[in-house]
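Going by the order they are written in, the chains are A, B, C and D; count residues from 1 in each one.
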Amino acid sequence: MLGGWKYANIKDGSFAEYFHVNNANANLTPIPDSISDDTAVYVCDMLSTGFMGAEHANIPLGGTVVVFAQGPVGLMATVGARLLGAGLVIGVDGVSERLKLSRHFGADVVLDYTQVDPVEEIRKLTGVGVDSAIECLGAQATFEACIKATRPGGTISVAGYFGHGDSVEIPRVEWGVGMGDKVIRTGLCPGGNVRMSRLLKLIEHGRVDPSPLTTHQFDFQEVDKALHMMETKEDGIMKPLIIFPVS
Amino acid sequence: MLGGWKYANIKDGSFAEYFHVNNANANLTPIPDSISDDTAVYVCDMLSTGFMGAEHANIPLGGTVVVFAQGPVGLMATVGARLLGAGLVIGVDGVSERLKLSRHFGADVVLDYTQVDPVEEIRKLTGVGVDSAIECLGAQATFEACIKATRPGGTISVAGYFGHGDSVEIPRVEWGVGMGDKVIRTGLCPGGNVRMSRLLKLIEHGRVDPSPLTTHQFDFQEVDKALHMMETKEDGIMKPLIIFPVS
Amino acid sequence: MLGGWKYANIKDGSFAEYFHVNNANANLTPIPDSISDDTAVYVCDMLSTGFMGAEHANIPLGGTVVVFAQGPVGLMATVGARLLGAGLVIGVDGVSERLKLSRHFGADVVLDYTQVDPVEEIRKLTGVGVDSAIECLGAQATFEACIKATRPGGTISVAGYFGHGDSVEIPRVEWGVGMGDKVIRTGLCPGGNVRMSRLLKLIEHGRVDPSPLTTHQFDFQEVDKALHMMETKEDGIMKPLIIFPVS
Amino acid sequence: MLGGWKYANIKDGSFAEYFHVNNANANLTPIPDSISDDTAVYVCDMLSTGFMGAEHANIPLGGTVVVFAQGPVGLMATVGARLLGAGLVIGVDGVSERLKLSRHFGADVVLDYTQVDPVEEIRKLTGVGVDSAIECLGAQATFEACIKATRPGGTISVAGYFGHGDSVEIPRVEWGVGMGDKVIRTGLCPGGNVRMSRLLKLIEHGRVDPSPLTTHQFDFQEVDKALHMMETKEDGIMKPLIIFPVS
């Protein structure tokens, strides 16, 4: 469990110029010439995690999907829902800049939870609830909303990281008292060279361009500042690009 | 949601000699001569619900399965896990008579939760946790134990009815903080004549004999007593058989 | 088997102003105001059949897909492959007008089989072969090419109708001598109101516009001429629209 | 394609006392003390291949299955069909000794194709045809019979090796003219330590005992004789056990 996370977060050297990759044969793939490094870097995590959120959501062709939270992972889940054939994609967030990006990345409808009750609006739009809800924040409120917004027989796909508390609560009645055939699925960013090369193909052939996620850019010596901003989310930062000095 | 439940519990006439069946063409199936009515009656709910618990559990061939609670549904989930290729089936309950039936119906190992900590024992038996856990009670304690007893990437299948409280709690850490790829699935007794005839085939060809579930028998005029005993569970009752008078 | 075909082709009245629909409750769905009738009519067959071809093809997100034959069903399979997340879609036909439509409907690469050997070209483009091949003609040559063009572990999805001969031949070696884990799947246009309303949603929200398939238009009294042209395929006909007189 | 076959058949040393195993970490698993070596050896191929035949067959719980050919792989497919919940298993062969073993390993009905037309008998037993047919010989006649014996929407799973001819023929009409939604799936013996340990668990807990497959036993110096007999199938040989001398 959490092997990929350990690889990226605990293994020494992930910020060094050269980095040891386990089972390189199975994990490395060439970047096509037509894709710049600052775009390609997104396939390792944001694309793979966000798309996984959509892949785990059992979206029927033409189905309805809501994505809760439109940060980098949520935005890529929005793209993923479009790529996998959703007929209606609803993006939910409370920051207007993110809702604008949500539209840019393919949401048909965006809901600002500071203005409306998303579950109520989703009910109005879909009647019985969405086929699939994707949780991209890792919070009780959004998890709960996912259960409530999903139709019987639908799927709740969790891409967020739940960092606090002893437990996460499933609202009993909206879960169908254990009989609503609602699937709750979670996952961790999938890797491997077959997946990486497929994700690169999606960029190469114009299905997705993640570069609008890069709102800030830093030299390597400013990496601490970048990490700090990722914590504070100040200045509307989505993702910082760190440039390694080329000698 | 819960359509089948409404059919059985709210629609008038379910205790009458003749009963209107919606879409009879799709819902009725002949009972083979070799199966007696008091055995056949189990396919409508106990077999279908218990087996559904196992079918939803993504059991790999040769995989490890735990079934929490060994009442009628749990016992049929135990049978279902065996029928679907589990290599190790663990039955958990606190009543010794039920654990005896658990062994009878195919559990390789039974655990009495009044004597041992089932999660701890399951860890000892399986190392990383079971591939699949089936919840057949509808209670916080067993639901929680299912999450804890399941390996990363495993499945928790809920066949129990959760009747109380505002929410059901997922233990956050053992759930993999939202990243353990543990699937939580629920469901309601599936019906239809294709399924019914398949379940009858399993009885007909000796794969399962549910008749040990019938611990008590009543005439129709005693139906209230039977229903009362199902609530109190007195006298070790599993399932009462109600005999309609034949004129 | 072939129930849907019998409904459309043998049941009396399919050309009448009013037509009896079996299980209307389960089969009829409202057409949204924003969709014109001449567009909506495509969801009944071309979209549903072509998309089924893609849905049966197990396309991995970012995967490679070839669609053999770019008639109306093949073009909708091309759209379907895009909608379901293909990273590279290859359209094959021998008529330049159809290859132009293939590009219009989302093929990244088109191959004219009168100019090149498609299987050879597909190998050059993909190395090991495509993940998924969709057969939309119903002919030995295209079926065979699908087997040859697909990688081990890939899927061949058949949407074409095979009208002639005693048998269809699987090329033994390229099939992996029965061990290449290549799946061959077939199907018949799926129906029902849930599917219809999802397909309409895809039109409503701009995912697909099938109207370029309509190359000709006739009044109802010319229906014989239209049917004749569908047989001869003269004048580059794709699909004729038949207008019923409104009194 | 066929990587596993190359490993077992072309790589040097597969008959030596010590043998190099690629990615040993992922491919080796301990044999439990309770399982003798001459039983354990079957998990590497016969169990894994035969069970794969059943796993690929999409057997519904309580469904009907036919297994064509009851050699070692076919017999293990018969066991696999039982383990995966089939409600009726039909074994087909032309050798009475094998039909006896077929019954021993779990077939409910056996058909001797030298006495009856299996497809006709299967129709009598099932009406519309079986849910799943498993091909365990690798021949045109059995492949064809599988297509013919399977209901619309059913699955044909191929576990046999097809060694001859340019093509394998699908009977067009019984295939539903490309529209019967019959899936044809193939595969090659799956490996890896997770699978091996699961198969061992099935032996350990009494789900299957493959030892009746061993009809003959030889010392290592007689290996040529054993291989010769496997070609001629003389003396009713199923599988020979080769004993390595222990010094």
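Before moving on, here are some points about what is shown:
To be clear about the criterion, a contact is a pair of C-beta atoms (placed from the backbone, for glycine too) under 8 Å apart; a residue touches a chain by one contact, two chains touch by 3 or more.
These figures come from a predicted structure and were not determined experimentally.
Common neighbours of chain A and chain C under the contact definition above are absent. Shared numbers divided by all numbers used gives the overlap of an interface; between chain A and chain B this overlap exceeds half, so the copies present the same residues. Distance from the chain B centre to the chain C centre is 43 Å, each centre being the mean of its Cα atoms.
Remark: chain C and chain D have CA centroids separated by 36 Å (rounded to whole angstrom). Here the CA centre of chain B is 32 Å from the CA centre of chain D. Contacts with at least two other chains are made by no residue of chain B.
If each chain is drawn as a node and touching chains are joined, the picture is one closed loop, every chain linked to exactly two others. Residue ranges of chain C in contact with chain A, taken from their complex: 51, 55, 60-64, 80, 83-85, 87-88, 108, 195, 197-202, 204-205, 207. Residue ranges on chain A touching chain B, taken from their complex, read 1-2, 5, 135, 138, 152, 158, 160-172, 175-188.
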